[in-house]
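Heads up, the next two complexes both have subunit A, just with different partners, subunit B and then subunit C.
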Partner chain A sequence: MSASEPTTQPAAEGRAGWAWRPYALTLPALILLAAVIGYPLLTIVLRSLSEPEWGVQNYVWFFGAPINLTVLQRTFAISAWVTLVCVVCAYPYAYLMTAVGPRVRLMLVLCVLIPFWVSGVVRTLSWVILLQDSGVINSLLRSVGFSGVRLIRTQTGVVIGMAQVLLPFMILPLYSVMKGIDLRLMRAAESLGARPSRAFFTVYLPLSLPGVYAGAMIVFILALGFYITPALLGGPRSTMLSTLVQNQVLSLLQWGRGGAMGVVLLVATFVLLALAAPVMRSRHREAGRR
Partner chain B sequence: MLKTKGLGLGAMVVLGALATAAFAQEKPVAGEVKEGSLKGKTLTLVSFGGIYQDGQVAALKEFVDKSGVTLLNDGPTEIAKLQAQVESGNVTWDVVDTADFPPYVYCGKLFQKLDFSKLDISHIPEGQVSDCSVPAMNYGVVLMYNTEKYKDNPPKTWADFFDTAKFPGVRGIDGSGDFTGGLLEQALKVGGGDPKAMTVADIDKAIDVVRKLGPDTIYWKTGAESQQLAESGEADMLMMWTGRAMTAVKNGAKYAPAWQDWLVVMDQMTIPVGVKDTDAAYALLNAYLGKQSQEVLTQTTSYTPINNEAQPKVDASVAAFLTNTPERQKQGVKQNIKFWVENFQVAQEKWSALMAGN
Partner chain C sequence: MNPGQASRGAAIDLESITKAYGGFKALDGVSLRIEPGEFMTLLGPSGSGKTTTLNVVAGFTDVTSGKLLVGGKSVVGVPAHKRNIGVVFQHYALFPHMTVGRNVAYPLTLRGIDRATRQARVARALDMVKMGDFAHRYPSELSGGQQQRVALARAIVFDPPLLLMDEPLGALDKKLREWLQLEIKRIHRELGTTFVYVTHDQEEALVLSDRIAVFNRGRIEQIGTGRQLYDEPATLFVGRFIGDSTVLRGEARSDATSTALRIAGETVTAPRRLAGEASPVMLLRPEKLAIGRPGQGVASGTNRLSGMIAEAIYLGSGSKYEVRLADGSSAIVRSPLTGESFGLGEQVELCFDGADAKLLADDSTADTTLT
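Showing the complex of A and B:
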């Protein structure tokens, strides 16, 4: 997960010219990144500062309109909820994947991957059928006495739908970390007198945290940019920032404002990750200690 | 040199000798194109996909067969994409179907001012041609209500739609993107304003009336969703496009239209600035406006034709939602296009704030 350390290269090679070789191997990836991410991103930043004229007018507009700030805050809140739901659902599932035999594991992997291969739009529309007022879930709830539970066009509905779409991004990193944890450590802890819960919280959980962090980060960041799911499952009160960007660019041709919104979202995400990084890093080291 | 081989074809019969005379003066006749005149050329039609664009292609089949043009399809229409094409000087969209406002808002900037000596607009209903557009089809935004819910006391006008005290129930409104000027005008009337003398402040007034419908209001995102809301009975009153309303009723939705003050809307046909072969684009438009093309369009899409001689053969369920009968023409309300075009930006921003939960 962390960058490879060039110092671990065998020094015996002797020739200085060899040192850059490993970096050269990353060139194709770097060129691709520069072309498909770097250049468009730069364009967005430039347009946010240059349209309709040079200056910070688009940013002044963004922070001057309360609706933008409400929606920005809501975007982060929904993403945080989605991440939480994903962690809670994925953790036991990924653990189960490490604990069962190969055949059952294959089944479990397929259960994760098959929906992953189905288009997000199709899955979201399936959620519409399930969540709508006259849908399956509400019929079930009605038959046991709960009526008028609003799921579709609410934030709850959006969080459910997004969590399902993003679940594989949580399960797969978690599983890859968990399968590397030596289960004998748990037995060792228990043999030293720890109850199973104690053994889990002091041994297994810390060792699995890198997977939780990696998965949570991917899910959270992907959730921030979600468009289709909130648009189809949500109502006005669950509109996320991407919808506002779409409206500015596609409907009003305000590329500058749309760009500014994207930049604000990006910077806010960086700030949040920068704040979270120290926590993750310290835990990372702790967990990595063998 | 002017060959008129296709004279036996349906559309030509009506025009008869007149067409021959017209040819002599090079005056275009809607629906006609010269045999083989566009051989080797390619035109890209951009529209909104689905059954609608399929119907447009069907309507243009004779044009394609006769002119020899290769017709490509693209879409959906996105003004931002068109803007990118125009600004980069690489316009690949030759004829673009748009919603009501764009040809007015971006006339001369993204859409060409049309040369009406190259088009026969004599059979287009009055008031539908603008400097930069001809109509693509007509339809309506109509108030649909649940007949089982309201029974003997159905809503009759938009005032009833906005009156949740007299008519309780869930409302569904078009939240698919741009605001509908006509709906805001009706809302303004409820809020005590005069749509004929609207001011910018009135936009807020109108949006407040919509907002007062409350948090249960459903803002549908797609035509399909509005149809599904009717068929599942999740909304009690729906603002719907006539095409979707027709399909919902056909599929068994217990809904009926309240036609009084239905909102006149249309799609528009445009030619972007900077297309490579303007004359070919004109030829397509002119063919599209023809009687026979419009009949095919209505028969395949159930939208109302924009050639007033067109006599499409449709069944009763489709005919019930056509908007060009004398009775419907009397009940319809045209939106104040001039006002909405002048205030497009501010209205759209206020509307999108409402859509974002403000």
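Showing the complex of A and C:
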């Protein structure tokens, strides 16, 4: 904890003409982003408004077809479930990473990262083996007397598979925030009369929330655009928007409709984040102070 | 200590407390009684067991054996959050996500105290540490000294009968430390709570304490007022830890009433002998040593030692000299402003009255643990 002395901006005035210089360092990244994100995005927006002719007919179609709205809603619902599962699984795991010695921590990091290095398709296919009706999980359940549970081709199966793929994106931001939390604060809370659970909820949890928010945001946004996992593990009742987009673009060659779907997803995501931002920002502001 | 308020503090009894980590004894039979309302300082070098003792009292560390009573009741096995003891940490430990006001209100909220009472008590505690205007700030917006004052307010706001402070001023600069020492003394007087204060800074201990317990290697070497520790150290370690001192070692000869030390050809005597078989050393406080030029009959004392000025330090109120004696050891002498001054390398003579020399058992660990 360092006392925060006001720092003076060294020679800020008189060199104002040079102030843009640090920003020049971002140029390579900006150029890359413009080429691989900006240009395609612009193309999609334009195509959604121009194919087969100029106008908003693709958007009218999207909002006119109930199936699209159902899938959009389901996409958000599945992403929310995946985020929730990730938070619940990652929080204790990340906490354990802060509590153990360096060697065990390395093991824990490897356990997170090694699956990460395996291709998503391979991982998803292994989930197919695990989740299918005659798969490992169902065999186990049957051997202890439960009747089989339908996991493959269901929303549950999709959520399980996606959560596993996305878990590192939750664990790593959580860990980076948690390792900065001064555990001596918990001791202070106890000396002031807080039993350990109370100390956790009033001190540790609020201080770890920035990590939860950061991880949740990454996982949620990545989950919205997931394609392979829901396509392989899901069935017709767990189709996500990306599958519909793929269908429109690659099977029906309806680039305009596919583009409109992408734009709707993007805008909906922005709206949701804008609604969540005030909560996250105020929390983050407080917790960031140390 | 104000006797009229003494009842607000709790007495603490530690009886043969031992804390072992494997084979290592962090505390080795520590016994200490702290009176209600007393300001007791646990003083010692790092690793001496003073912080472990504090953690034991606070409930952060359990004991291997021994009894611990707070206010006459055993608290062994009682978790920290049920002990109702205020603790101030060296690292402040303010909750970074709460304002100063919410930090100080925290222990009151936990105790289910209603909002109006809470606000009044938070305001009173913050006023007591002169931080009343900062209730809406966040800890990160405060300086170290301000944060520690808030931490103090938070530790006293729930009126604990005992306040523990673990090197609370350790991270602050000297001027601020001296000012906060006086503030802590004032707050102790106003509250009448029992204070237990851990420090490795002997000056701080002398400024603050009613009594001081000197720790070394997991044991208490001596308990007493600052004056007792300075004038009548029980062990060589205590004598060296409290204040400046000169230790004379030499070939010892004792008879029934006196002890003589032969140091590199010169002999000094003290009119006492040390009980037991331990080899005696003499400990002298700087003000008991007179310094003069060789052959220039300095009035006081019968014992003379020759030496050379190895270091001269001007202190404003006088000068302090480090004198290299014939056997290579060094002596610390303080001379008043009005006295003669000496330059580096000058030959001098030290004189002292044998009655002023403290005879103590030699203890080689006293030197090595002074870090």
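Note that in this section the second predicted complex is superposed on the first by the 275 of 290 C-alpha atoms of A that agree within 3 Å, B and C clash if a C-alpha of one lies under 4 Å from a C-alpha of the other, contacts with A are read in each partner's own complex, and residues count from 1 in each chain.
Definition applied: a residue touches a chain if its C-beta (ideal position, glycine included) is under 8 Å from a C-beta of that chain, and two chains touch if they have at least 3 such contacts.
All figures in this text were calculated on a predicted structure; none of them were measured in a lab.
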*Check the residue A:Arg184 against both partner chains and state whether it touches subunit B (first), subunit C (second), both, or neither.*
second
_With both complexes overlaid on chain A, does A:Leu252 touch subunit B (first), subunit C (second), both or neither?_
first
*Could you tell me if A:Leu244 is touching subunit B, subunit C, both of them or neither one (first, second, both, neither)?*
first
*Counting only touches as set out at the top, which of subunit B and subunit C does A:Ser143 meet: first, second, both, neither?*
neither
*Kindly classify A:Gly193 by the partners it touches after superposition: subunit B alone (first), subunit C alone (second), both, or neither?*
second
*Report for A:Val71: first if it touches subunit B alone, second if subunit C alone, otherwise both or neither.*
first
*Mind working out whether A:Leu207 is in touch with subunit B, subunit C, both or neither, as first, second, both or neither?*
second
_Let me check the overlay on chain A: which residues of subunit A are in contact with subunit B and also with subunit C?_
none
_With touch defined as at the start, can you tell me which subunit A residues reach subunit B in the complex?_
65-67, 70-71, 74, 128, 132-134, 153, 231-232, 235-239, 243-244, 247, 249-253, 255
*subunit A touches which residues of subunit C in the complex?*
58-60, 79-87, 89, 91-93, 95-98, 106-107, 110-111, 138-144, 147, 154-155, 158
*asked:* Going by the contact rule set out above, which residues of subunit A touch subunit C in the complex?
replied: 1, 3-5, 182, 184-185, 187-196, 198-199, 202-203, 206-207, 286-287, 289-290
*Touching subunit A in the complex: which residues of subunit B?*
78-80, 83, 175, 177-178, 215, 218-219, 221, 225, 228, 232-234, 345, 348-349, 352-358
